Each structure stands twice: as C-alpha cells, then as structure tokens.
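Presented below are the structures under discussion, each in the form of structure tokens.
First chain A sits with chain B, and in the next complex the same chain sits with chain C.
On to the complex of A and B.
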C-alpha cells in the first residue's frame, strides 16, 4: 500500500530540469545500445561504444554539477579517458592487426534481435523501473532505463558470434551498470567507484589478451570455431 | 588478531611477486611457504569468538568468513604442494621456466584474491575481489594454450564477467536500498547493513538478492548459468581446476550468503529460501543426469561440483539451523574431497597423458598410492562414511526432515544417489581392473601424493571427529545465517 502511494506520488510530480536532462542522456545511452545491436561492422560497433561512454561521462559530469558531488567529476574524467578513448583505441588497434573479416556475424536476423531487445527493454523500463526506488531527488525512470541497457547488452553478447561484439557487449553492460550507479547511487563512496573502474580496466586487458590468443590460434575473430567443448 | 588478517593480505601478494621474478625453484619454495603460512595463520582465527577487524575496519573476519577462509587456505596449501609435483621439466628448459613462472605467480595471485574476498568488509570490496578472481583465473585457464583451453577461457571470462556485471548491479541496488536509512555516501560494511536491513525497502532488497544469486551464482556454477564451469574445470591445468572447484565456487557461495544474511533481515527468510531452492534443485537434477554419461575425468568432477553447489543451495532453503550447520560443513568437506579428486585426475593425466575415461583402466595398479586415494576421494564425494560429506549431507537431510519439506528431501536424496551412481561407475571402470601391460607401475611425484594424503586426511577428520573449536565455529557461523529471533 505504502509502495503504491509512493509510486503514485512520484509519477504525479512534475519532472525538474535535472530529471529531464538526466533521463534524456540515459535514453541516448539506451539508443546507442540498440545501434550497436544492428551495427554491421565491428569497427562501427566500437565507435558506438566510445560514443556511449562519452554520454555516460557527460551524465556523470552533469550529475556532479547539479548535485554538487565533486567526487563524480573524477568518475567522469576516468570514464572519459578510459572508456571513451583508451579501450576503443586498444580494440581498434587489435582489429587492425588482425586483418580479418570485419563484418560481424549474427545468429539471428537484425529484425528479430531488435524485436527481442525491445521486448526486454520494455520489461526493464516498466517492471524494474516500476519498483519503488525511494530517492528524494533522483530521476527513478533512469533506473529502469539502465536496467534496459543491461538486458539489451545480453542480446548483443548472446546473438553476435564474434569475439569483438561479445567483448563490446560486456563493456556496454558495464556502461549500463555505471548509469545505474550514477542515477540511483550517486553518493557511492569514491574509493568504491575507483575500485570498480580499476577492475573494469583489468577485465578489458584480459579480454584483449584472450582475443589475441584466440586470433593467433584460429586466424579469425569468429566464435564459430569455439564449439569443441560439449556435454 | 588484526595481525592475522594483515598477514593474509600480504602473504599471497608477496609470493606472487617473488614467484614471477625469482628463479623457478625459489618460486616453488615461496609458493609452498605462502600456502602453508596462509593456512597456519587462518587457524588461530578459528577459536576467536568475537569478530576481528584490521585496517580501519576494511578487513573483517567473523565466524562465517572464517569457515570460507579455511576452505580457501587449506586448498592453497595443498595445491601449492601439488603444483610443484605437477610441473614436469620439458625438453625446452626456457619454455618450462616461463610456464612455471606464470603458473606459480598466477596461483598465488588467484589464492590471494580469494582470501581477500572472504576477509574484506563490505559488499563493494567483496565484488571487487571476486572480479579479480575472475580475471586471474581466466588467464590461468588459458595458460596451456591449447585449442580447448582457449575456448574454455573465452567462455569463462565472458560468461563470468556478464554474471559479475549482474552482481555489480545487485551491489548498487543494495546500496540504494540502504540510502533510505543511512543517507547517501555510506560504506557498505556488513555490520552496518545488517543493523539497518530491517528498515530497507523490501522490493528493492528482493531485486538485489535475485540479481546477486544470478550474478554470483554464475561464478558458483548454479544451473542454468553454469555453462562455463565444466569447460574451464576440465581444460585448466589441474592445480587451477582444484582451486576453481574447491575454493572459488565456495567463495562465490560466500558472496551469496552475505546477501542472504541481509535479505533474511529485510524481507524474512521465506523469499531467499525459495530462490535458492529453485536454483539448487535445477543444479542437482542437471548435474545428476550429466554425471551418468561422461568421457572426461575432469569434466566428471566438474559436474560433481555443480551437483554439490546444488546441495548447498538446497541446504540453505531448509529452515532448521542444523541444515545450515550441514551446509557450512559441506563447504569444507567439498573443498577437501574435490581438491583431492582433481589432484588424482591430474596425477593420471601426468602418468598416462590422458583424461579420457575410456582410455584409463586399472588405475589402482598404475599409481599404487594416488589410485586408491582417488577412489577414497570419489567415495567421499558420494558421501560415504567416514568422509566429512557423510556427516554434512546427513545434517542437511535431517534438517530438511525436521522442517516439513519432506518432498524436497526425497528429491534431494534420490538425485544425490543418482549422481553417486555415475561417479562410482566411472571411478570403478577407470581405477579397478587389470592395468595395461605397457604402463609402468609407480608414482610420478611424491609432492602430488603428499597433497592427496593431506586432502583425504582433512576429509576424514571432518567425518570422524571434527575438532571442538571447528564445530563451535560452524555453529556460530550458522547462527549468523539464521533468521533473527
């Protein structure tokens, strides 16, 4: 009963400028996730990831300014330098060295992938976004949107069959979680945020190492050959 | 006692650095010393009744973490000994030295990250440590550089990272749940969260718990998010397989239990129990079926791990405190038995050059010590007395019977029996019978036998007569997990 009341009052309230901007940025992040899903080339996928990370950094900087949370500027700077620049450059260089097919392959048609992603996004926005996330001033719709980014990234990982798309899927999942942490947990202690970042960086290095190992062994970036282990 | 926690933080990291830079022999000696030292330092914590903290509260050890610390440090010690015997000097000395350096530095780092996961205080650092275990162990899985190892490592790093992404989401959602009580900008320390949990929003905590079970459950090997597990366990070098199965899965389970503790206080015990029951039954059922038909000895043991993780999840779903005591004892017994089983599989891999079940026969004749020890470990995994698993599964089942959930207990017993059939069948087909004539009778390395003897000794100690301090420790840990009265 209490939860229903809170949900009702929060939908009635007129969104502030802060809410509007933060939610628009989150929608852009979700849309870029959809664009990744249909991007035919690995290269364009990585560029889209870089763009998405850029928007995440802008969102962080905006929240830092609007809420007076100087810690978040550090997060924005880290996110901009690592996720929007370093990671895409490293993966693009790997692709250039690989000199193999750059067209990513799908397990399902773009149409069915998109429909599936839409279904998941609707589920996330209405079911998870509908949860009574108690917060006095933060836009709670963005919580559902960030969950949608996470779920759509699962479609990307599951239905693309090349190592670049799968890695980009994981990186963008992390972007979705970052958005969630920015909008619903912007007071998260800095040390924790930095630890999360450091971890992502290590994971990226490991993804890179394994992509290289895979490429050296099979001369391709496709995961078609990775079907020996069964049962 | 804070010194013990600080020592544990330092030992693994220092050993990793030394084994990376020092010549192989010194690296091996350091690793064994670090493993044994970690176990020795963990022991005084067993008798402590009050929680221990260090470094301004960032490190904290209570009864629950001590149980899992034992599961990690016990296998750290045994695996470091086993790994020395497992390495074989190839024809190419430079390549062998490089392999040894990578393997031992990686093993130390892997164990260090698992130790950190159980002694750090708070959900955020817990997640960070478990993510470190993933990246280190993924590289260790790939270290053999075979086709299978590459495939297994890619699947592992991708699936486990996606899972941990969900777990990070769970961490953030739990943080959000706490902001209603603590305001923003608080540390996610366990005592603080447990104290505030009764005032958290129930639906947010439920979401966080489900995300945590799916996320950390991916690392723990719960069906249907277990798919990386058999590949990684079978393709990794054997010392790594033993740690993955005996310790890493336990650490992931520990993470779930931390969320369980909070959820029980926030929304009552029914909801988390039902979630774990569903995952547990699915894991147990699927693993029991897969165990009936396997060709690869290490894959067989990997599915046995899925089975035992299912038993742990089901055990947590029973309301009786005795079942929770059984679950925690089962974690320790599983570490001892599964570690030994993988050590045995590794000994046969070294001796016969294969882990193909159809090509191993008369194992007891080929390896006169490792063979019988492997048979004992498999019997232990089937919960035969006098192994520790007999005691732990007995406690879980009797806990289930004292709670009116007879149907679940019946399913549990039937599936465990089915799983044992598969294990016993393949153990007898590979270990008993006549040894082929071309196989020379004899052990390949004393170190490997020592590690197996240690594992079996631990397993039997837990079964025959667990030391009093250990029983008290497990009871205190079980009390932490019970519903508050």
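On to the complex of A and C.
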C-alpha cells in the first residue's frame, strides 16, 4: 500500500529548494499586489508597497547569495533604500498634508475586482509563463508571476479612482518589472538597472506634483472630480 | 520506536477515532484557557467542556412544537459523520490503515458537509428565527468557501496524482523542497483560512459570542437541549480537532506520526499530535485576539482572499511551481 503512495507522488516535478523559495517570494510579491487592490486606506496601500519592495530586495539579495552575482547586492541595497524607505516616506508625507484618509471610491466591489484580477493573473501566468524563456538565475514560473504583478497593478490603476492608488499602482508596476528583469537578465549591466530607479524617482516627483495640484484645486484625491467641466 | 506489543491495523484505526472523540473537548477547553489568559482572565478549567457534556447528558430533551423526528435525528447523524472522518485521515500513523483509502479528501469533505447539512436541516425545522437565520447563513457561507476547498483539493491532486490525504502527507515528508514549493505553501495557507472559517473563528465569527446577530454556526444549535445539545457540542469540538488533524498532519507538519504498529509508538504519536494541536490552537487564539470580526457582508472578501490563494496554488503548479 505504501509502495503505491511513493510511486504516486509528484506528478509535477518538485522544484529545487532554491527555485521553491524564489518562487514563493515572487508569489508574496503578487499577493501584496492583490492586498493593495483591497486596502481601504491610502496609507495602508503605501505600506503594502513598501513591504512589496522589501520582498523584491530580499529576492534580489537571495539570488545574489545563491548564484554568486555580486551586482545584485547593489540592486537589492538600492531597492531597499529607495523603494522600501524613501519613496513610501515621501508619499506618506504628501498624504499627511492632504489629510485624506480613505481611498475615494471603487468602480467595482472588492470581490469582483479580486476575481477580475485573478482572471488577469491566470492569463499572465499561462501566457508569459509558457514562453520559452530560460534563465540561469530564476525559474520561468517567476517570470509569469511577475507579469501577473504588472497586470494586477493595471487593475489597481484602472479601477480605483484616486491619485494615490494610481501612483502606488504605477510604482508597484515597476516592482513587477524589476522581478521580470531579475528573471530575464539578472546579468544586466548595473547601469541599466540604476536607470530604472531614476525613472522611478522621476515618477515619484511627477505624482507628488499631481497629488498637490489636484488636491489644491478640488480638495479631494479622487480623479472623478476631473470629469466635471469648469465654467 | 518499537516499544510494547504490536497492534493490529483495525485496533490502530479505533485508536484514531478514540483520539478524536476523547480529546476533542479537552483541546477545546485548553484553547479556551489560552484565550482567557490572553484576555487577562483566569478562564474556565481545561476540563470544563467534559463537565458541560456530563451535565447536558443528564438533562431532559425539549423539542419545539413544529419539529419532527429530524430534529432529534440530526445530532446523532452529525456525530456519526464526525466519527467516520477520522478513519480517512492520518491521525496517528504515516502509513494507510485498511479503511483509510475508502474515501479521499473530497470524500471526507462530503461527510463533513453532510454533518453540517443535517444540523442545518434540524435548525430550519424549529421555526425559531435565530436558529433558522443561523442555518441559512451557515449554508450560504459553506457554499462560498467550497470553491477554495475544491481548489486546495486540486492542488493536492496535482502534487500527488491522488486525492488521498496520506499521499499528500507523504509527499511533504520527502524533502524540504516539497515543503517550500509555492504550490504547497499557498494550498496550506488557503486551507488554514478554510479551517479558520469552519471552526467559527474571527474574522468570520466570534467563537464564544452570545450576540445572536453575529452568529453563524453557533446559532444553529440554539433550540437544542439536553443530550442532543451535548452531541452537537461534542460534535463541533470533534469537527475542530478533525480539521486540525488535516491541517497539521497533511499540510503543515506531517512529522511525528507513528511509523510502526507498536503500542509505544502509537501512544507517542497521540501525545505529539495533541502537542501540535495545542500549538495550532495557540496560533488561532493569537489571530482571535489580534483581529476584529468582519461585518457579515464583508466575509465574502475573506473568502475571495482564501480563494485567491487556492487558485494561485493550482496555477503555479501548471507552470512548474
């Protein structure tokens, strides 16, 4: 009877311990994206973004340690200091000035947003995960998962109508892209990776200005106020 | 460890059932004690559930005027279901027992659902508003959590090529990589949330609350009394311990089970299992004390979250996770 058990186990080959841990970390990144989708407070969205960035830098450091790629330590350190600390602190400070707590409105209920995002994640995991991309550093599963992060962050930007969600959605989209770049090209020249970070910093400045101006004009952070024409 | 006489497999199977029947109220009592300590109360004795059962068995049974024989048969049927499930799951041994292959995880799930169904029917019969409210809510939410259970089962099926809880436990014991693979972690966490829901814990239900409007599972038994109520309470303790068995011995910690049929090793397995159940109960009380109960119409969000985890577990399996 127990011989049957042993023979029957593992239809899907068990990934190695390294792959398993790396994939689980990527799954945590995807799950925090889903959590941002349902977070009722702008503040908690930003904290989730900070947590997500922390996991991205842990992932980078883990690959660096396991695969002996010292470049990735620099990326992990940069991502930790910028994305997990500086950007959230700046956005939280902007938010404190705006004195708006709740995310303005949802165009769909949380449950239907989650289901819609699940459908998109399925699409991403199957389509992108099925591509014949083979990387020395990360399993292909992580590639599909990072594409899912990107698509779910699109849902966040499209379905939550307030400036903070759109900013956080955009920033976390960048997190998805960094994970994808870890898969595809962890040997990417450091300078290219650093260019991504400057891109992010520009985005932070732009969104900061947008938040300020929008709040000064309309007294809310909801983008729905933009539909009204001014006479 | 092979100490003591070698037991035959049917005897070990009886031991599995006895472990659940005898220790279920005790584990509930111990968890209630831990919970009380967290809240700064002294709390009831650990043996309090046994005293409650003994008291209820001595009382008379009252039946509402409109109820039929179903009202009295339901507690017995539910209790019988809870006696059947421990035969199917690895309570004490890591090798399959003779009746262990009579049903898979879905089979066990069906039997648990049958127990819930008979209690809900009995509650619907009473013509009492709160019991009927509980009955309708319990059925609604069990239907909503069902997709999660199914997807967890699919994940197990894809990992092991069978639906047997013994096989999943064996797969988890093979290597560290099998435990760390994302599919297993996601399925385990999703099942953890299912257990949270099915044992009536925060954030779904206040498990020791007395306010009828917040009740889901608890409200179903409001009209029962005497030995029937005792069977229902005992049954609900057993259901909790059964779900702990599946969570612990199949998903999160399938170690410490008896590998032989020696009496000493089986007895050790009982002790180890109770320790693991108390550890899990400790985690549940931590959650109970650090979150607030969700509003009734927000519970779907909790279920959507659990469903998300289970779906992701299956998805990553398809792409090699």
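To be clear about the criterion, the second predicted complex is superposed on the first by the 208 of 231 C-alpha atoms of A that agree within 3 Å, B and C clash if a C-alpha of one lies under 4 Å from a C-alpha of the other, contacts with A are read in each partner's own complex, and residues count from 1 in each chain.
Everything below uses one rule, namely that a contact is a pair of C-beta atoms (placed from the backbone, for glycine too) under 8 Å apart; a residue touches a chain by one contact, two chains touch by 3 or more.
From a predicted model like this one, the values you see are computed outputs, not experimental measurements.
Q: Where does A:150 make contact in the superposed view: on chain B (first), on chain C (second), on both, or on neither?
A: First partner only.
Q: Once the structures are superposed on A, label A:30 by its partner contacts, choosing first (chain B), second (chain C), both or neither.
A: The answer is second: A:30 touches chain C but not chain B.
Q: Regarding the shared-chain residue A:223, is it in contact with chain B (first), chain C (second), both, or neither?
A: first
Q: Based on the superposed arrangement, let me know which partner A:196 touches: chain B (first), chain C (second), both, or neither?
A: After superposition on chain A, A:196 lies in contact with chain B alone.
Q: Contacts for A:38 in the overlay, against chain B (first) and chain C (second): which applies, first, second, both or neither?
A: It touches chain C, and chain B stays clear.
Q: After the superposition on A, what does A:161 contact: first (chain B), second (chain C), both or neither?
A: In the superposition, A:161 contacts neither chain B nor chain C.
Q: Based on the superposed arrangement, let me know which partner A:114 touches: chain B (first), chain C (second), both, or neither?
A: second
Q: Which of the residues in chain A end up touching chain B in this complex?
A: Residue positions touching the partner: 3, 128, 131-135, 147, 150, 154, 157, 163, 166-167, 169-170, 173-174, 177, 180-181, 184-189, 192, 195-196, 198-199, 202-203, 205-207, 209-210, 213-214, 217, 223, 225-229, 231.
Q: Show me the residue ranges of chain C that touch chain A in the complex, using the header's touch definition.
A: 95-96, 101, 158-162, 164, 166-167, 170-171, 174-178, 180-183, 185-186, 300-301, 304-305, 307-309, 311-312, 315-321
Q: Chain A touches which residues of chain B in the complex?
A: 124-125, 127-128, 131-132, 134-135, 138-139, 142, 145, 147-148, 150-155, 157-158, 161-162, 165-166, 168-169, 172-173, 175-176, 179-180, 183-188, 201, 203-204, 207, 230-231, 234-235, 290, 293-295, 299
Q: Using the touch definition up top, name the residues of chain A that touch chain C in the complex.
A: Answer in residue numbers: 1-2, 5-6, 8-17, 19-21, 23-24, 26-27, 30-31, 34, 38, 110-111, 114-115, 118, 121-122, 125-126, 129-130, 139-141, 144-145.
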